[in-house]
Structures are given as C-alpha cells and as structure tokens.
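Scrolling down, you'll hit the structures one after another.
Okay, so subunit A shows up in both of these, paired with subunit B first and subunit C after.
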Partner chain A sequence: MANVDQQALFQFLLRMGDNTLVLGHRVSEWCGHAPVLEEDIALANTALDLIGQTQFWLGLAGEVEGKGQDADALAFRRDVWDFRNFLICEMPNGDFGQTLMRQFLFDAWASVTLAHLQKSSDERVAGIAAKASKEVAYHLERSSDTIVGLGDGTAESHDRMQAALEYLWPYVGEMFASDDVDANMVAAGIATDPAGLRGEFDAIITRVLTQATLNIPQSTFAHKGGRDGSIHTEHLGHLLTSMQWLQRVYPDASW
Partner chain B sequence: MTQIAEHPPIDQIWDWLHAVPDPEIPVISLTDLGIIRDVAYDGETLVVTVTPTYSGCPATSIINLDIETALRDQGMTDIRLKQQIFPPWTTDWLTPEGAEKLEKYGIAPPTAAGGPKRCPQCGGTHLEKLSQFGSTPCKAQWKCLGCLEPFDYFKCI
Partner chain C sequence: MYAQMVKSAGTGVKSREEMTDQERDFQDKIDADIKIEPRDWMPDDYRATLIRQMGQHAHSEIVGQLPEGNWITRAPTLERKAILLAKVQDEAGHGLYLYSAAETLGVTRDELTEMLLDGRMKYSSIFNYPTLNWADIGAVGWLVDGAAIMNQVPLQRTSYGPYSRAMIRICKEESFHQRQGYDAIRKMAEGTVAQKKMAQDALNRLWYPSLMMFGPSDKDSVHSAQSMAWKIKINTNDELRQKFVDQTVPQIKFLGLDLPDDAIVWNEETSQHDYTDPDWNEFFDVIKGNGPCNVDRLAARNKAWDDGAWVREGLMVHAQKKAAAKLAAE
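Entry: the complex of A and B
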C-alpha cells in the first residue's frame, strides 16, 4: 500500500462518498411527499442505505486524508467546489418518474462498479463494496421494476418516462469518463477503469429500457465537471444550503 | 493466570448479550440476529465486534448503546465496541431460534427463495408483494390473499 498515491485515493473515495451523499439527500427530499405510502417508505429506505454507504466512504476518505476530518466534517463543511459527485446525482427530483429514472441509471452504474470494487487490492474498499453491493442489488431490482411499470404503463406515464430519460441522458457519459485519478487507482489495483464498465452498464439499461418500451437516445454528448469538481450545476449549491444549514449555523451541534 | 479469573468468562458474556433485544424487533435478541461477530478480551478490555445489518440502519447506534448498557449493568467497565463490515451481514446468520421467534411475532422469516413461505398470521400460501421496502430497512411488505392481512417479511440478503 505504500506505493499508492494517497491524494488520488482520497479523491477516489470522495467521489464514491459524494455520489451517495448527494443522491441520498436528493432522494430523502421525497420523504412525506411520495405518491403512495409504499413508495414513500421505499424512497426513504433507499436514501437511508445511500447515506449509510456515505458514512463508510467518507469515513475512509477522512482516514486516508489524515487531517482529522470524519465523515460528518467532510459532508457538512465543504462547499460546492470541493464536491466530487457525478452531476446526475445533484439533478433535481422533478416528478416521480424523473426521480426513479435517475435512481435507475445510478443503480445500474453502482451495481457494475461495486461488483468490480469487491476485488479491490485495498481490503477496506473491497469491504465497503461488498456491503453496499447487497443493498444496491435490491435498489436496482426495485428501480428496474418501476421503470418497466411506468414506461410500459399508460400513455401519460410512458411519455413522462421517455422525457425523463431524455433529460437525464446527457449526464450518463460522465459516469464512464476516466481521468488521472482513475489511472492511478487502476495502476494500484484499487479500482477498475470506469470507461471499461460501459459495456456492462449498457447491457443492463438496454434490457430494462427495451422492456419498458422506451427509446434510448443516440446522442453521446456528456455534461461533465462533477466528479473532478471543475464545474457543478447550479442545483448543488441549493442542495448544500439546505443540507448543511444546521452545522453551518451551529457548528458541532449534537443531540 | 489468576488475572483472567477476574473477568467474566466469554460464554457468560454471550449469555448476557443473548438477553439484549433488538431495539426495532424486540422479540429477537442481538445474538439471534447474528450481528455480534466476536467477543474477546484484549488485555483488560472486553472487545465486542458488531456488524450492521444495513449500512444506514438507524438502530445501529442504539444497538451499541444497548450492548454497553447491558454489560455495564453486569459490572463490566472496560468495554470497547468495534464495528466490522466485512464479511457483510447476511440473513443466513439469523439463528433458527430467531427465525421461529420472528414468525410467532408476525414477521415472515427470510427464505432463500426470496419471498415468504407462508402468511405468519393464517399460514396461507397465496401471497402478494406490496412493496420491496417496509417499516425498517430489513423488511418488505407483503399481503396474504387468504386472510387479506398485510404482513412484514424479513428480507433475505
């Protein structure tokens, strides 16, 4: 492990943890607002799993950084430019269909990625991936079922799902765009090159979206900038304002 | 080795932990649930290794508090709780006794087939899934088409 670039590992872990943190917070915004009680509970449970996974990823990130920051400090005391999540995670909830489409695309990425991370040369990373993978398999099963149910549902639900897919499609490419951090992780045997995971991802989404009678957009254009922090959408700042408010106003508050 | 004789034996600790109920499903104990992975002395300190059921299970911190309280009530003072996430918790670690207690309580125990075997109320086998998620991260909601009662199913992971 001595040869692993700790700064690159820190960045990699922030990316993993910020994805689950930002998406987890977004999904939690549905709590008390979902169309039916069962869906409300399902969304809240999904959010809870994602926040739980965040504690592991950001906890390890803080340990690797070695500056005494724990998961809470990383979650609540960084500003927009320090976040390393995919842009898709911070996109607004929109309607229920858009929320589930975002969840499905993320779940498909997560299930493929975590399966590879279980073979990581860093046993701490492999351990978190093994734990998270079980939860993600369950999330993917549910989001897939819902995508099919709504896509192949009424004319109204079909149109909304197609619109959601088209709205979110330009944010898919970023999940598979590799950079120096990834090259570093690949060299150390810690993670697989994201670019190499696109085939497995495409196999999952093609199967489900076809069954859902939805058309996969052909465009390969991709909005980027979230996972390297170069540019986030305007939505992340608003999310953080709400998520971090208490710790910003009352630092170290606890109950 | 007289020093060791002063510590309650490990078996005794397991017995005490066996009496600590799960905070969300009090009918089963923490050992029934299979989340206590190890109990051992590290010098003078008793180390209890606990694994979470689900990453975000809000009961995790309460469970730690309950373990510590139960052991302190028995006069133990030097205690350390250790979290271990690998290997990840699986419902295979739920004891047969735990599964039986769940069913009596009205929660269908996990099965490898991925769904409840029978209705915990009437024993009917004509069942329908209402939702993949339930009142806690570890449960899903099902309904019996025989007695028409909804019930919780302990998810198999």
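Entry: the complex of A and C
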C-alpha cells in the first residue's frame, strides 16, 4: 500500500462519499412530502443508508488525508469547488418521478461499482463496499420496481417518467468518465476503471427501462465537472447553504 | 399518545340495567381485561370512538414528520442527521401500524386521510407549533415523545387488541427517541453560550404546548368517562400531566436549564410539583385551526397528497395490468 498515491486515493474516496452525501441530502428533502406513506418510509430509509455510507467513505477519506479532518469536517466545512460528487446527485428533486429516476440511475451505477470495489486491494475500501452493496441491492430493486410501475402505469405517469429520463440522461455519462485519479486507482488495484463498467450498467438500465416501456435517449452528450470539481451546477451551493449552516455559524460548537 | 379531546360516541356511560345483553357481555369482557378483537361484536359507539382516537393518533405521526423534517437538511453532523432520519422513518412506520390497526375497524386509510386533509379529523395540537432552532429537535424528542410515552404506556393495556399491540411496538421505539432527544439537548445545554441559549429557548417555547398534549383539564374533559369505562383511555388528563411534570422537572434541573414556569415548586403536602396550567384559550385556538402552523401543516399535507395523485394512480394501474396479464397467462 506504500506505493499508492495517497492524494489520488483521497480524491477517489471524496468522490464516493460526496456522491452519497449530496444524494442522501437531496432524498432527505422529501421527508413528510411523499405521495404515499410507504414512500415516505422508503425515501427516509434510502437517505439514511446514503448518509451512513457517507460516514464510512468520508471517514476513511479524512484518515487517508491525514490532516485531522473527520467525516463531519469534510461534509460541513468544504466549499463547492472541493466537492467531488457527480452532477446528477446534486440535481433538484423535481417531481417524484424525477427523484426516482435519479435514484434508479445512481443505484444502477452504485450496484455495479460496489460489486467491483468489494475486490479492492485496499481492505478498508472492500469492507465499506461490501456493507454498502447490501443496502444498494435493495435500493436498486425498489427503484427499478417503481420505474417499471410508473413507466408502465397511466399515460401521465409514463410521460412524466420519460421526461425525467430525458432531463437526467445528459448527466449519466459523467459516471463513466475516467481520469488520472482513476488510472491511479486501477494501477493500485483499488478500483476498476469506470469506463469499463458502462456495459454492465447499460444491461441493467436497458432491462428495466424496456420493461417500463420507456425509450432510452440516443444522445451521448454528457455534462461533466462534478467528479473533478471543475464546474458544479448552481444547485450545489444552495444545498450546501442549508446543510452547512449551523456548522458555519457556530464553528466552536460541538453537537 | 397524540390524541386529544377525542369525542366519545354515544350518550355516555350506561348503567348495567340500561345495557342490552350483548352490551353487558361486552362490558364484562372489558372489565375482565379480555381483549376485543376485530371479529368480536362491539357497540357501534365503541367502534366509532376508537376510529376517531386511532385515526387522530395516526395523523399525528404523519403530520409530526413536518416539524422534524424542517431540520433534517440542516442537522449539524452526519450522525445527528442519521438519527433524525431514522426517527422520522420510525414515525411514518407508526402511522402505518396505526392506520392498519384502524382498518380492522372497517375504515380505510384513504378515508381517514381524506378526513385529515379536509379538516374533519384532527392531529395533536403540538405539531402546530414551529421548530425554530436545532435544540427544538432535541426538545421534541425529550418533551413531546416523553409526553406521548406517558400516555402510550398505559394504552398498551387498552381493550382493543390491534391497538394494544400497536402501542407495545410503538412504545419501544418512542422510548429510544426520547433518550436520543434528551442526549441531543444535553449536549447543547453543556455547550457554548449560544447552544445553551437555544436549549433554553426550545424548552421555554415547547413546555406549555407539551403540557397541552394531555388534553384539557379533567373538569373540562367531558368525554373521558365512557372512554375510561371502555378502557380506551386509562388515566385522566390531569393525572398524566402531573406525572409528566414530576418526571421532567428533575431532568430540567439536571440539564442546568432554568425552569420554564416560575410557579413550579415541590409541594410536600401533595408529594408532587405545583405548576401553572397552560393557557387553555390558546389550546382551544390551536384546536380550532389558529395555531402558528395549522395552515402550513395542512397545506403541506394536501400538496403532498395532490402532487402524488399521479404516482398512486400510475402504480395502481400498473398493478392491475400485471394482475390481468397473470390471469391471462393462467
């Protein structure tokens, strides 16, 4: 492990943790406003799992960084440019269909990614991935069922789901873009090249979206800039404003 | 419990002579602590009163998500956020058990929901108060769940089987929430000057609304006798309120916070604390819809229901298609 580029590993872990943190935050915004009680429970449960995964990923990131930052310091004291999540995670909730479509696309990516990470040469990474995989398998099952139910439901629910897919599609490509950080992780045997995971992802989404009678957009255009922090959407700053407010206003307090 | 001023159906407690044979047998079972189960005969008024009480309790769990949800996105640490999410999830789960238990009495969850949304049914007055600083989240767990437990523990022995079983399950989780709430506020009471100020502010604002959770004073509580005879209410409002005050005052002192009522003093003669009653005019105003958050809370629930109509309909139509396809394949 001595040869692993610690800075690259830190960036990789921030990517994992920021994805779950930002998406978990978004999902938690639904609390008490879901279309049906079972969905209130399921959304709170999903958010809870994602925040739990964040504690592991960012906790390890802080350790690797070695500057005394714990998961909370990383979550609550960094600004937009330091965040490394996919843009899709910070996209607004929109209607319930948009929230579930975002969740489904993320769940499909997470299930494929975590399956590979369980074989990571870094036992800490493999351990977190093994734990998170169990939760994500359930998330994917649930979001898939809901996508199928709403895609193949009424004309209105179908159209809303198709619109959600088209709105989010340009944010899918970023999940499979590779850069130097990834090359480093591949060389160290810590993670698989994201570009190589696209086939498995496409197999999952094609099966589910076909069953949902939805058309997969043909465009290959992809927005990017989240996972390297070069250009986030305007939405992230507002999300951080509420998320970090107490820690920012009362920096001396412990909670 | 989150049920206040549940109006007992019927004309009041009947004497044995006034009862029919069936009613006498029913009352004998209750007096012998034999649970009433969904298929057993029960007086219409017992059924109607239970539907009101369990429905109000379920609605309170649902509306209760809103004041806590108000702080989920602003929780100050990942752990506090996770604890709050788990708590809100539990509460939605309590709503689900209670609606399911109420359904055994012949009313559907959708019917109950409609009655909440158009104002025919109530939820606990406490959720019409706002959560204004982070310490409110601790105080809600400590005081509001604490008051709820005070009421729910005796209700584990209530006469209606499904309600009693729901209460047993709910009480376990509520006790856990109360401890977490107390831990959260203790951390603040021991914290910085600003944190201590938040804790005191939360206690001062939520104290009387918490006392109101037990319902009006016994002398004004006109519906208790029948419900107590039916064992769907076990203690009087004032008994439970007193118990709550006696339990909570030492906790306030332990936290090092100021008492929220100058009149709180230990009374050697009665072996309990004297305290000031809440302002019952304010209570009745809140019940009538004039609390600080009534309009917003109901609007939020109505919006969630209306915005979600296409989702419920879509999923239902899909389920029908699936069932039809399965049938065709057989």
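Here is the rule we use: the second predicted complex is superposed on the first by the 252 of 255 C-alpha atoms of A that agree within 3 Å, B and C clash if a C-alpha of one lies under 4 Å from a C-alpha of the other, contacts with A are read in each partner's own complex, and residues count from 1 in each chain.
The definition used in the following text is that contacts are C-beta pairs under 8 Å (C-beta built on N, C-alpha and C of every residue); 3 or more make two chains touch, one makes a residue touch a chain.
If you're wondering where the values come from, they're calculated on a predicted model, not measured in any experiment.
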Partner chain(s) touched by A:I51 [first = subunit B, second = subunit C, both, neither]: both
Which superposed partner A:I41 touches (first subunit B, second subunit C, both, neither): both
Which partner, subunit B or subunit C, touches more subunit A residues: C
Touching partner for A:R142 - first (subunit B), second (subunit C), both, neither: first
Which superposed partner A:M16 touches (first subunit B, second subunit C, both, neither): neither
Which of subunit B and subunit C A:A8 touches, first, second, both or neither: neither
Which superposed partner A:A130 touches (first subunit B, second subunit C, both, neither): first
Set intersection of subunit A contacts, subunit C complex versus subunit B complex: 38-39, 41, 45, 47-48, 51-52, 55
Residues of subunit A defined as touching subunit B within the complex: 38-39, 41-42, 45-53, 55-56, 123, 126-128, 130-132, 134-135, 138, 141-142, 145
Residue ranges of subunit C touching subunit A (in the complex, touch as defined): 62, 65-66, 68-69, 72-82, 85-86, 88-89, 92-93, 95-96, 99, 109, 134, 184, 187-188, 191-192, 194-195, 300, 303-305, 307-319, 321
Residues of subunit A defined as touching subunit C within the complex: 21, 25, 28-29, 31-41, 44-45, 47-48, 51-52, 54-55, 58, 71-72, 75-76, 95-97, 146, 148-150, 152-154, 156-158, 160, 242-243, 245-247, 250, 252-255
Residue ranges of subunit B touching subunit A (in the complex, touch as defined): 52, 54-58, 85-88, 90, 130-135, 137, 141, 155, 157
